[in-house]
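Here it is, the structure, as structure tokens.
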């Protein structure tokens, strides 16, 4: 199976390459970069020296379609929508790590992304790649819209409670915190080392593109139109996302009872680990791995459910889940090539 | 004016000493430590070498009362309550940075602190030292219960909205994040460098001692019994607290309108800086200083008010506010000795 | 092939377990811990939840020898020397990550370790497990003394120059810097988060146990008794060692010429990557991996050679190299189970 | 006394402003910025909100000379040399934090700065502002070339040993490490948060502009032409420089003896603190302050002297020392306005 990665100089691509290198079923054949066409990957990322000695190429849809079975787009917004339709038509499967095909509503896309949406026919075809929830559709897909990092942590933490109707869906509030790698490799004062180190910042209040993505899925799952409060913060660390999720319990249930339900909900999904001992996961406990760890606390005093959901934003929040979706697509064991333990400490 | 600091080896004491050294109205006469009695301060804190060359002493209430005008207790829970009553009786003013005299209800103290409360007569006398809110009482006090770090950031961010009745007090939810110095100098695996670096942790879910402290003040200010949701997180940085405060607007008001009210509420209080340009403060922007910076965002889509309130947990959240209260107590300019700019970057 | 890891609660053991879990040739059968006998590993290291669900056991040499082929000791000094002789006698191979069998001279051990040495007969038998240099002996060994973290980075950076006689061995000076995980999981004020974050410390000036280890090997390789200057620093990061190595060039050679020699020296050793483009590796470029990356600079103005050698202290500096030695021992491909790319960023 | 700061958006200027705000003898009258002319300082640095509400102006030498007594240049290389000559001629005193007037030899400037030197007459007049060493000349100066950050830490650590002739000047080697703020506020991939966090980098091997600056002063002080080895590293922290200085002792002296000499050398200089108890300073112990702390270790085994010298690169390494030089120039107490304790932790 021959694979191409597009967007070769970003952190998403680099994580894909880390996992693809050791994946036993596929061969990474091309790395494509518009801006670095002709440059050796190891010149941009010296940690690949002697191991991945490929030269980045320009994107040529025609040629790709002749040699490649599946393409990962690890590009910024507004790139994949230009190329994916013709690749799909030529029989190449696509997994898109950008947001171009995630929002079903073109109005919503225009509002939140401030640009024109992808062709609606392809948006309609795209399967939302939240692996544990939409595995059956993913297996049939030609085009997978890989979820955003915040939505992955948040939705995996929320959907069991929502489905079980233990919470009031109108009361959902998510306070999310991310490591800085989520901002990518592009330079900006905001993530200049001396500005971000020993600092904690809230950002994009009420404006984050992941809000409509989370709302769309929650609305689908609950069957009613939901509006949520979702706030994002940058934490002085490179990797990790924590979604601290709050919602009112419809009627009080003990922590253990809710844990038991979550545990059973995810029992066939090795990458979601519900803490059954009542411990609360920290982001380091999934560092570098594809796990989503979930801790649960039901507060009798306030009637609130709190769910803490942590992932590595670059793995389960991006490239790891993309590989997981490829595994689903081809019917391989879901853990193939991504069964690494977290790196601790 | 002669001053003693009790609890000489903790971070709270060390910050008091930093500010007292340059305070023009007082003389730091004694540093007291039970565990390090007889040791030079600079042997425990080499950054004081050649500048503060005092030797720590044991606590002797009788002797203190003859030579000292005011005592700061920067001790763990359950220490100050043993000594403050007799010091007060002997005419020594006390500012207590611990939680011993903060909660008015002995039942509440017993429940949250898991130990027996201070003598009620002295608890009744103690003034809660949230400088900007209770300045008039502080000026008259003999005993000041200096607020906790989380309550300081949270209450300064909430009280204007509560007083103005722009929010539904039953909807208040606070997601708070702290740097690690709040955990003090005591060793524990939780704050071992390799465990905490590149890590983000939620802790003490529903159990934090600062919950009843915040509820007590909010209940006083609103005139009704309030129960809040308050969650705490450890962020991989040394200093800084951010309280992200959420509440439902009773009727929608634009961000600018709420900012204007906050700005006017704090106009005579130089240490609270409301961002009038709509920017959102980060913790680094108050680092090392006594400022509390407040950013405001009213979300028309959700009807939620979000207030971001940041402080340096060791300064406005502890020692800086304690000095501010001393200044109030003696009628000095409130900025005396603590008018430092934040250290940036 | 059945494997036991002894010292189950330390960072060295945890890294061994990470690699052994995915190693195709071996089965991790026992994890042994004196202090945590009877405890589940995942209770001490929650990142192992659901994946490694073993219970730690007490050490029983008799039983071990019946079921286990190879034992890794990831214990503090003064433990392995009590058990290794009888294990060896019973036919169990041992790889010791502690310093107990590294120094050939008992006087030297006593001086630097301040305790009595291991039985000399076993010290004599032990092969020093610097994989790239002593591969032939390692293949024949029953007992491998796995090198220290600093010696690994330093020796791999120095030995080619020393062997080629391009430097004056008497002029060698090494300024080494380590991430904090090298100090282990034991609590101490020195590595308390708030003391170590945003801080840089020199430590153990002239006293570090790795000094005689480096001198012993350099003396062997050069054929003369060498005394070196070696200084250690703690850097505020979890993982990574950089040895900045200085020595006088016997006669000036250009950087490229020295690079070419180093490159050829290590050409059959995939884990040592000499930067041929003149770039200088940073520690992040080997993070989480078994690589040692080497950059070289010959200064025409001063006549000094500078070699920058970086490793992940917990991988190539400990557990990764231990697995590499196991691979050598059993004649497997040297990269088996440890062929991960560095995690970047 | 009216003061202007030129280069208003850099970290050097911001630290000057922090100290000038509380300096009792001067008034900060103008902040000048070429790129941000017309912008409010607090829009660029929100931590100044409500406290320093000045608008940045363009540079007008004529107007400056009518209203300003002293100008600080906190500009990049190649700026101050354009303006300082005419300011000096018009009677304005100048303290230049850039390197434009530090190197006496125009050939050396051209070689290391790769640009044409300042007018030689003014270079000749400029006094090198290493406050503790050149205080007498500084008092008479119109133009002070404020030292670089690395030279400050290094020279204060080396000069006593050199003057006392306890070391062989030909053997000097300095391994220097800096926090990231030394790289300034300009964006570059090298100091992008995700690239620099959890990372340690050597940089500018043999090329650093501070090499000729250190050599010039050491040559002056020793009376012979010296060439040194000087290496720089970036450490993942914002502030702090450590120079680890190595040199051969001409004849062995005990650590205590050398400490005693250093202590006496600096006895009238409050900002240099020699550790007399044999402890070794870490960078955090001078954080935010103007101190240079020095630890000493003489190794009997190797005959090497090691001096560890730490400063805050933005304070004693830049703005703090600039204020100290202003104090010297006007005959004020040297500690005026910069007598802050380090911020710890």
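By letter and in written order, the chains are A, B, C and D; residue numbering begins at 1 in each of them.
Just so it is clear, contacts are C-beta pairs under 8 Å (C-beta built on N, C-alpha and C of every residue); 3 or more make two chains touch, one makes a residue touch a chain.
For reference, the UniProt names are A, B, C, D = N-acetyl-gamma-glutamyl-phosphate reductase.
Because the structure is predicted, anything quoted here is derived from the model rather than measured.
Engineer: Please work out which of A-D and A-B is bridged by more C-beta pairs in contact, and write that pair.
Structural biologist: By number of C-beta pairs in contact, A-B is the larger.
Engineer: Where the centres are mean C-alpha positions, what is the separation of chain A from chain C, in Å?
Structural biologist: Inter-chain centre distance comes to 36 Å.
Engineer: Could you state the distance in Å from the CA-based centre of chain A to that of chain D?
Structural biologist: 46
Engineer: Could you put a whole-Å number on the gap between the CA centroids of chain A and chain B?
Structural biologist: So the centre of chain A lies 39 Å away from the centre of chain B.
Engineer: Enumerate the residues of chain D that touch no fewer than two other chains.
Structural biologist: Answer for chain D, listing residues that touch two or more other chains: 11, 181, 194-195, 197-198, 236-239, 284, 287, 345.
Engineer: So with touch defined the way it is at the top, what topology do the chains form here? Options are line, ring, star, complete, other.
Structural biologist: complete
Engineer: Which of the residues in chain C end up touching chain B in this complex?
Structural biologist: Result: residues 11, 180-181, 183, 185, 187-189, 191-198, 236-238 of chain C touch chain B.
Engineer: Across the complex, what residues on chain B touch chain A?
Structural biologist: That would be residues 173, 175, 177, 179, 194-195, 197-203, 205-206, 227-229, 231, 233, 235-240, 242, 244, 246, 280, 282-284, 287, 295, 297, 299, 301-302, 304, 306, 308, 310, 345 of chain B.
Engineer: Residues of chain A touching chain C in their complex?
Structural biologist: Where chain A meets chain C, its residues are 11, 14, 17-18, 21-22, 43, 45-52, 181, 197-198, 238-239, 270, 273, 275, 277, 279, 281, 284-289, 293, 339-345.
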